[in-house]
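Below you'll find the structures, each written out as structure tokens.
Below are two complexes that have chain A in common, paired first with chain B and then with chain C.
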Partner chain A sequence: MFNQFDYVALPSWTLACSFMASHPTAMIYAGGTDILVRCREGRLLPSHLVDIKGLPGATAMAQAEDGSIVIGAATPLNAIERFLKGKAGYEALVQAAHVVGSWQIRNRASLGGNICNASPAADTAPALLVLEATLLLVGPSGERILPIGEFFLAPGKTALLPGEILRSIVLPAQTQATVSIYLKAARTKAVDLAQVGVALLMLPDKNVRVALGAVAPVPLLAWSGRHSAPPANWTTEETERLVSVVEQMAAPITDLRATADYRRHMVGVLLRRAVEQATLLHQERGEGR
Partner chain B sequence: MQRKIAFTVNQQQVEMVVDPFERLIDVLRERLDLTGTKEGCGGGECGACTVLLDGESVNSCLVLAVEIDGKAVRTVEGLSHYLELDELQQAFVNEGAIQCGFCTPGMLMSARALLDKNSEPTVADIREAISGNLCRCTGYERIVVAVSKAARPASALT
Partner chain C sequence: MEKTVVGKSYPRLDGPAKALGAAKYVADLKMPNMLYVKVLRSPHPHARIVRIDSSKAAALPGVRAVLSGQDCQAMLGLYLIDRPIFAIDKVRFVGEPVAAVAATSLRLAAQALALIAVEYELLPPVLDLATALAKDAPLVHEKLHEYAHIHNVFFPVPHTNISNHSKIRKGDVNLGFSQSDYVYEATYRVPQMQHVPIEAHGAVAQMDMTGKVTIWSGCQSPNAVRKLAAVAFNLPEGRIRVITPQVGGGFGGKAGIGIEGMVMALAMRVAPYPVRLILEREEVFCGTAVRQGLQATIKTGYTKEGRLLAQEADLIWDGGAYTEYGVNIVRAAAYSSAGPYDIAHLKTDSYCVYTNTPVGGPFRGFGMGELHWALEQQIDAIAAKLGMDPVAIRLQNAVCDGSTNATGEVLVGVGLSKCIEGAARLIGMDATPSERKPNHGKGLACMVKGPSTPGTAASSAFIKINEDGSINVTISSAEIGQGMQTVMAQIAAEELGLSMEMVHINTPDTDYSPYEWQTVASRITYSTGNAVQRAAREARGKLLAMASEKLESPPESLTIVRGVITRRDGIGPATSIKELALGLSLPTGAGRGGPVMGTGYFIPDGIHGMDPETGQTPKVTSHWTFGAQAAEVAVDIETGKVNVLRVSAVYDTGFVLNPLLALGQVEGGIMQGLSVALYEELQLSQGQVKNQSFVDYKIATAAELPEMLVGFVETPLDDGPYGARGFGEHTMVPTAPAIANAIFNAVGVRIVDLPITPEKVLAALRAKPK
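Moving on, here comes the complex of A and B:
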């Protein structure tokens, strides 16, 4: 059984922020798939759970005219997967959303919750890093926008200030020629956290981004820059050059899911696979045009 | 603070007062005597407590009772019509997809959620849909076959 918290659902973001600011032991509640487990284990003892699912836009998704996509923080992962499927460039987030927990979990677990937990192993985090997502935070003194790369501070610790709530996640527009991939190593196919997560995004202008999960205290953008060849013409040497740079960024630990050595090894394995898959996808798209 | 909630369970209207920290599974089992829904791990890993909430499968151990106000819940008791089993239940019986039976209600609800959206699932779709439901007896094979046959009764899939 849980501790005897109270449940609060307020009509506006502003009221929710003031409530959070004046109740330091209250916690934001969306899908509940993580918070309720931790409450049950006695690891969290919130005074209040403040449900944001009913707040304006909290579970809404929309693509703006400029192509950017706004996702309400409490939107469940399964809904996000359905919305983004088939949209070029966002494959990594579709794949990352798909490998969290189980089907039932993904019907409830939210994108906002996945990143606000600030787990180094959060599957959606590397995908959001390579997509250069920005976060709309709403607090007692108004709104601010933060790049996802500045959000994670330490395991379980984010840049959210007291009373601040993640309202939405904004994904910049992608072109038809952009491809991204997320690959996860885990002990089982479902319902396990990542041993390693690798997200790769290849832009048609030779820019490449790689982000890693579960190999550092926070999800990490390990590489962002131009490469010598466009995605379709990569040679093995080019892949290996990228692998060696990215591997050096990994600083994994040994825990119950994997040893540090295994994690370091899997960074290279998954990145090579991701390059292969991204190249294939790129070629398929090129032929389809 | 206690709250009054109104919702439907298997199309029956229900009203009650619940504590803010009360779970959906406790409301079903302890208050409504719908003990078909099982509690296994209590942490969203085993899927024994799976029910449908507005048509989507959820772990009822990870849903607060206050959240179901105005919503429709479907449990394993809502599958059969009096003594007539739902085609999915009948397929589980026919295929011997049950051993101890503890996972069965959750399996059925996950499979129901799948078939409601996808009447011709592939084996991969079925495996995916029940990936959040653990079974320690059957080895899953017969469950997958049962779901396939319920979807396409005439199919010769074995």
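Moving on, here comes the complex of A and C:
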């Protein structure tokens, strides 16, 4: 059964921020696919749900001239998947958005909600980490920009200050030669939470980034740095070197979804597969040009 | 005579209403002045109730009644009366109802719950079978020896946690083992699991000012609810009316009596206000019946040629906190313990064991899914040890006409071998090794099941002819998604020479629809089908008698086609069901006879009880249905994940009354079997269900759907309608062992504990000798 709360919709981000600042037990409501479930379970007892879907730009997506992409925080995952599909370099986010819940859920669930819940298992978080997304936050005293890597503090806890709202997610421009992959281990093939999530991004300048979900208290950028060879020419040894570095970053727990051992094991399995798929994608792109 | 309606595909009669949202379920019921119920449940697996103080809750404005075991001492039970409506003196599982509140709103009822103070004194919990069976184990039921039960059918062991011990002693098992070349023993385990019907359990009850009680319940068994409630509350059955609207899935979880007891107790307290309880999904997981757990140890003696000679089976069932229904699953497993094989020497001990975990009860298959998980891997393992083909060893041991089963019954009309051959052929079991992809494999499993009912389980049907020549078929079996209404309509239409659109069929109302034992045991097509057929034949006889007078031709010369009655040779005048519906009108202007009705009933003939010591009997159940399934899997040896690619299924259903619905039944069964194989398990910690939502209780999704190849064998059953046998539950029984056998075939590891998780597969692969 739900606790009693008031539904609030305000005409501007500024008013929404000041409402949030003056109502410490109010919560932001976007798609509602997580928050309503938690309210029903009594795990959240908000006094107000402040709907941001109607705020300017909250569900808008646009690509700027410099190639960067701005996604309104309340944009549903299905819309994001459609928008980004075919844009080189963003594959990981397309794939991550596609494996959250079910089709019906993804018609409602927002990208902003997926990260503001700060679940260690949020599918889109590893993808956003390797894409080096930045977050535009609005608060009572104005706006600020935060790299996604500084956003997650602990399970369920983000860097949002009182009264602050995530307004949009900014994805830096990617070149045609960039490839990224998100792979998820889950119990069923669909409609399940991640046991492990692995995002990999390979840049043409040999820079490689790997991020992990569900193996630490927060989604984790496990590796970012230059590799000895461009993606298409990796040897098994090079992949294994990356795997062993990344594996050391994982600090999983045992819960209902998987044991810590299985999670640790799957980090390596998924990363190897991600490298394989990224290499293949890279080659396909090369041939297509 | 050629059949015109049965044997043909008709879509579900209840389909349009369900697709359009027009079908009414219990949760759709809203009545003036209705009260809402919330249930206070035990947080402890085993504790003495020292004191319950509900005075604050009762004083809350808007609260109309608070009931607990202090106010309501009524007990429930189908086969063994061991279950109180509210915990009395002690609680036996986490989630057991301790008290319930009826209030003017759900919110008030929830607030009132929080005001009920219960003082518990913790008792040592019995959380697993080993603890339950240990010497000097704490007793879940100290007064088991005083409980009423059906004598000489169930055998509680006083002053233990064993609420039933069913035995089979056939032949001489020691002789069988001494004649065997080899003996193989293994243990298999099945966890408790939930039916998870899409509609949560719900009931509304109201007692009017004359004291008559009406219950609207989304249940499988309105007559059982009425009877068990009448016993519990000491009311005449005629003063209780049970109405069952559409039911959103049962799978056994809504059989017998469940939450109706609580709702009725409250309704009697607050008369004439109606009270309503719709369970939350979490309550379905912890508070309603679950599939019992099983630990099966099977020891088999066999020859080097692969002939099974002897089997010793220890079936230890985790019955949970109450086993009023579960004791019969344990009995059914004993008498089915040879599985579909002809084994001369058998010794089976099947134990129903109390633990402080959720209540066990019927679940699609009634123990057969659990039993065959063990038996069908055991024979597969033996085949592998002998280097034999898994299909050949099954054909060699399969029962056939003249074989005896575990109870010594001589079997007739057995089409099992055709099912095995059919399932093997559809999946291509004999494909040459060169066609095999790495880590791909195929496996097969068989099954047998009979309806596990008392010998007196009866059905009845009533048909009335309407003024327009259409008919109403009135029965008390529940439409739980199995398509029963459509098949019953087909039988009535066939017998009366009507088209399907002229047949109307009701949902049960015990005040108006005739008796049905329960909608369980895959028995409706068989048992109710016979009753409907007889009712239709009676009505047909009356119609033809009148038509004979009107058409001046003997009844046996007449036929009915699409409601029109003529001579078979087509000569002479015609009349119709419509013209005769209200009786015969004579040329003089007078009338004779009257509105036409037909009644029919059915009880299976000749079921015998089992010998208490040996379990031997000439006929323990009405009939047996056999089948086989084969699965093709791909095992990911890096992740341990199993991908089920294809499943074939062939069942001997005697006669396929509706090919479309039969196919649907098989496909649904395969999916539920696949789900049980790979995912389903109640994860318990200190008796508490940890995964009580679909977030962590996973069931197969549409993404897991394998390719399905389905066939039927039709060996007619003497007393089945048109030869039909029951097979609704059977369709999920062999899926899990077929998948396990396919995994063994693919990667050489055998997973003996359900579910087959990737972690178990990986661990087995690591442990496998290189």
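Quick note on the criterion: the second predicted complex is superposed on the first by the 288 of 289 C-alpha atoms of A that agree within 3 Å, B and C clash if a C-alpha of one lies under 4 Å from a C-alpha of the other, contacts with A are read in each partner's own complex, and residues count from 1 in each chain.
The definition used in the following text is that contacts are C-beta pairs under 8 Å (C-beta built on N, C-alpha and C of every residue); 3 or more make two chains touch, one makes a residue touch a chain.
Bear in mind that the values here come from a model prediction, so they are computed numbers and not experimental data.
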item	value
First (chain B), second (chain C), both or neither touched by A:105	first
First, second, both or neither for A:257, with chain B first and chain C second	second
First, second, both or neither for A:32, with chain B first and chain C second	first
Contacts of A:51 with chain B and chain C, given as first, second, both or neither	first
Touched partner set for A:269, first chain B, second chain C, both or neither	second
Touched partner set for A:139, first chain B, second chain C, both or neither	neither
Broader residue contact with chain A after superposition on the shared chain, chain B or chain C	B
Touched partner set for A:189, first chain B, second chain C, both or neither	both
Set of chain A residues, in rising order, touched by both chain B and chain C	1, 4, 189-191
Parts of chain A lying in touch with chain C, wherever the complex brings them together	1, 4, 185, 187-193, 256-259, 261-262, 265-266, 269
Footprint of chain A on chain C - complex, ascending	106-107, 110, 280, 638-640, 679, 683, 690-691, 695-696, 698-704, 758-759, 762
Parts of chain A lying in touch with chain B, wherever the complex brings them together	1-7, 32-33, 36-37, 40-41, 49, 51, 53, 78, 101-105, 107-108, 189-191
In the complex, chain B residues that touch chain A	1, 3, 19-21, 23, 42-45, 47, 50, 53, 56-59, 61-64, 66-67, 110, 113, 128-129, 131-133
